[in-house]
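Several structures are given next for inspection.
In the two complexes that follow, chain A is the common piece, with chain B as its partner first and chain C second.
Moving on to the complex of A and B:
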């Protein structure tokens, strides 16, 4: 009972925030609703028994990725865009992409995998550790795809640095080792002053 | 029909049993900070309200409650109000998985460590919302500084938690404490000493405390992200900071200092002598020590420069954690000592 209430609550929140991501005119609001969408999706995953994925969603996407995203959006100081601008122009592309995604999803996760009578036999023991199972699978059966994904991420990181790096420029960067190694005599000159008035 | 509602009510009561004393402790922690720093600097601290200033937090709270709430012009009202809530909610929510004694834990979940990491990483949104919604340049500078700092130190923090995870072979906080039982030499601060230090430094940086408090930096950007806040909304930010400090103190005690375990365990005479002390008291003593270290650090060190903070996080702490993770992995593989059995 309570589980269903929680599920529908978060599902409704997820749909609402998903719509607002697209419908908001202020880019910062869109980014914030995307954060809300991630937060609303995490409990659904946790309720499906994937507590590891749900928590990783919160602390990777919400805690790190979206923070940087908001960081950029807040810095850019974008103006509010009129809602109708470019709507008709981009509509065909949008429809094509939506159609492709829907066909893909219908093929991969059609109702025959997710109806009640398929999942009825799946009973999770009380101390079943989803995290441990996932780790075992990733590092034994799916080691190669996992390592390949890691290599791909490294390539993406290095290429992002490569794209953003525009050659060494004259930067005003301090050298910490030089700062630490400095001696008193290099900075301060002690001068012995004679007293002005002879007493 | 009635049963789930009763269950829910029982959970709410348990939450209140944790949160209400916590808020009281937070209030008196602010007094403790002023007193401790006062004594370190050879002052007496607040001593006017009540006996030796004991009612000072209550007076402060009343003062903040009765003050006017000011909303800056062209600020985003909704986010402006919700920002302090976003700051305090994660630091209270994370207490759900803290084990106080072998059986005293609100939610003994398997992924407890991940939950704590997720909750502490959410704390940044209060700062970001406050900075952006205030429509003030000082506030946005404070928020951006704080965001960059927290994201950087979260990596070092997460890596040092992986060391604990490796040694304990579990992400359940109760299991992590149980794996450290057997005496003070079993606690993880010995085999994972560099990670312990890194975790503590990142904990100070995560809570935006001195010497990493550039988010406030009153000499440069007035008060940083909460410069536009007044009255109780500022008070909630203040409470959130101290609740976070207490949370991280208790987490360090749980993860590296054996949680509720007695330090005299396994010692012939002393172990039996102190066996009557309940575990929760040991936990509070350990956490109290770290809470004191927070204040001690603040009274001792000058503020870091911003580039030094970034350098420390990325070029010192993260390499140290990666090297020690390799060492810990070898320790686990070869079952070294009493720790990695």
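Moving on to the complex of A and C:
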């Protein structure tokens, strides 16, 4: 009973914040609602038995990724985005597509396939460590996708650098040794000039 | 699972690429050379070695690795061989183009190697999770490569479109995978197939629901209508050598997985795909060929033509008999060679000065460089399906398969729209040979570029005169 209350509470919060991420016109609000969405999702994961992943979601996504994200959004100093044009024009088309997909999904994903009766929950042994199991799986069965994901992360870095890096820039710094070793004839040029007026 | 020496030999094409690419990052970081000559050469050698290793694996027996997640068969080895060669061609064709337009050749080489790694993994993947990660590894470098021309607004727009649409497709695929996992409790393709044999037909509905999403995502990667909207804009906006890569390598990889996903893994379910494939293939052939007719930009035209060609591949798969699979594979192999050649030719023509992408830029190509014009003639004839070239046999194979499967109506539609398609290919030839050039500057090429484009063009002719070798290979692998 209490579990169900918690579930529906956080699920409603998740849906609400998810909608606000898309709907709010201020990018900072969107980012903050995304944080809220992650926070709301974490308890759901923990309730499903993935306590390690739930915690990591809060630590990594809320703590690190979204904070950086917020920094960037604030630094860009984005104003409220005006409502995009053509919203009303494309609305009927969008509604038709959404209607079709929702009908399809409601037809397919009914309780006869995805209820507790069909998928009885896994029986978890007593001293079961989620983290340990995850680690074991990652380095045995899922070693290959794990390594490929590593390559994927490097690609992300290289792509970002490749797109943002515009060659080394000459910085305006002083080189003391060059300043000291300067010779007179490098700085001063003596020019013999004719006198302007002949007296 | 044990990692043994055999694991390393079997995975040699992959680990060569991964090893060299880490080395390459250091070379590019420390080299002062603006042209990054060393890095590009090392990357080219690595791709060549990978291709060679894959070639030697072609005669070996099937290997299942990483607890059934990775599959190495003669088919995958052959496709890996092909992919490595295509990417090598893309690297060498693009080298001068990239340097002359102030893009970084070092990053270009690194991203090509990473993308190739993704393609190889995708070709061999036998589990949905490897498939997904490999697909991302394939696509991410491509998005960045499209955006490499940073001063061009068009390239940025193309990259943005490609990225957003690609992310959408990834979302589709992930959602589909979650449904497949929910329906069968496994991510391994063989286990999913087994599970499916034992479930009642009424319970297959979730499976089909999930598979539709995965197929839609893959169709996006292949650029099949109605998931084709990104293709013209991306091909148009991307730098020419990058367009050549997008039009060839990923198609081979996505096709390989498509073949495994729809045919190997799920025997007896092909009739479920039937309606889906009919809609996609007919739409692609009609839309691709008709819209290509009105294009004046050659890159956009080639994009629509690629949509139409992919429609032909799907038609061959539709036939659902060994002749059809063989024809589909033959078609993909020949198509990627042709499209690589066509885009590479545009790259080489642009190198001589201004960007070559509209029909006007090809005017009088025969006066400026007769050999290049001859190669383009061969490639265009092949795309149109004119007999002495290989395109004819590819189309013939597809039609043959359709007639064998009693789908004569579809065959008639395909032929009709292939005739429509011939118009715009022949128009390119007319422009090259019968219209005088506005720019008379002759086009000079390096020896390696000349050799590559000659091999590429003459291959189309050679395979057209002696198609038996490739056909028997296809038969051996999928027939």
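To be clear about the criterion, the second predicted complex is superposed on the first by the 135 of 199 C-alpha atoms of A that agree within 3 Å, B and C clash if a C-alpha of one lies under 4 Å from a C-alpha of the other, contacts with A are read in each partner's own complex, and residues count from 1 in each chain.
As a convention for this text, a residue touches a chain if its C-beta (ideal position, glycine included) is under 8 Å from a C-beta of that chain, and two chains touch if they have at least 3 such contacts.
In this text the structure is predicted, and so the values were computed from the model without any measurement.
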Subject >> Touching partner for A:104 - first (chain B), second (chain C), both, neither >> reply: second
Practice item. Look at A:145 in the shared chain and tell me whether it touches chain B only, chain C only, both, or neither; answer first, second, both or neither. Key: second
Which holds for A:70: it touches chain B only (first), chain C only (second), both, or neither? first
Touching partner for A:130 - first (chain B), second (chain C), both, neither: first
| query | First (chain B), second (chain C), both or neither: which does A:155 touch? | reply | second
Within their complex, chain C touches chain A through residues 1, 18, 25, 65-67, 69-70, 104, 107, 110-111, 114, 117-118, 121, 127, 129-130, 133-134, 136-137, 140-141, 143-144, 147-148, 150, 182-183, 203, 205-206, 209
Residue set of chain A touching chain B in the complex reads 1-2, 28, 32, 35, 51-52, 55-56, 58-59, 62-64, 67-68, 70-71, 74-75, 127, 129-131, 173-174, 176
The residues of chain A that touch chain C in their complex are 104-105, 108-109, 113-114, 140-145, 148-149, 151-152, 154-156, 158-159, 161-163, 166
In their shared complex, chain A is touched by residues of chain B numbered 1, 4, 7-8, 79, 109-111, 114-115, 117-118, 121-122, 124-125, 128, 131-132, 140, 143-144, 147-148, 150-151, 154, 171, 307-308, 311
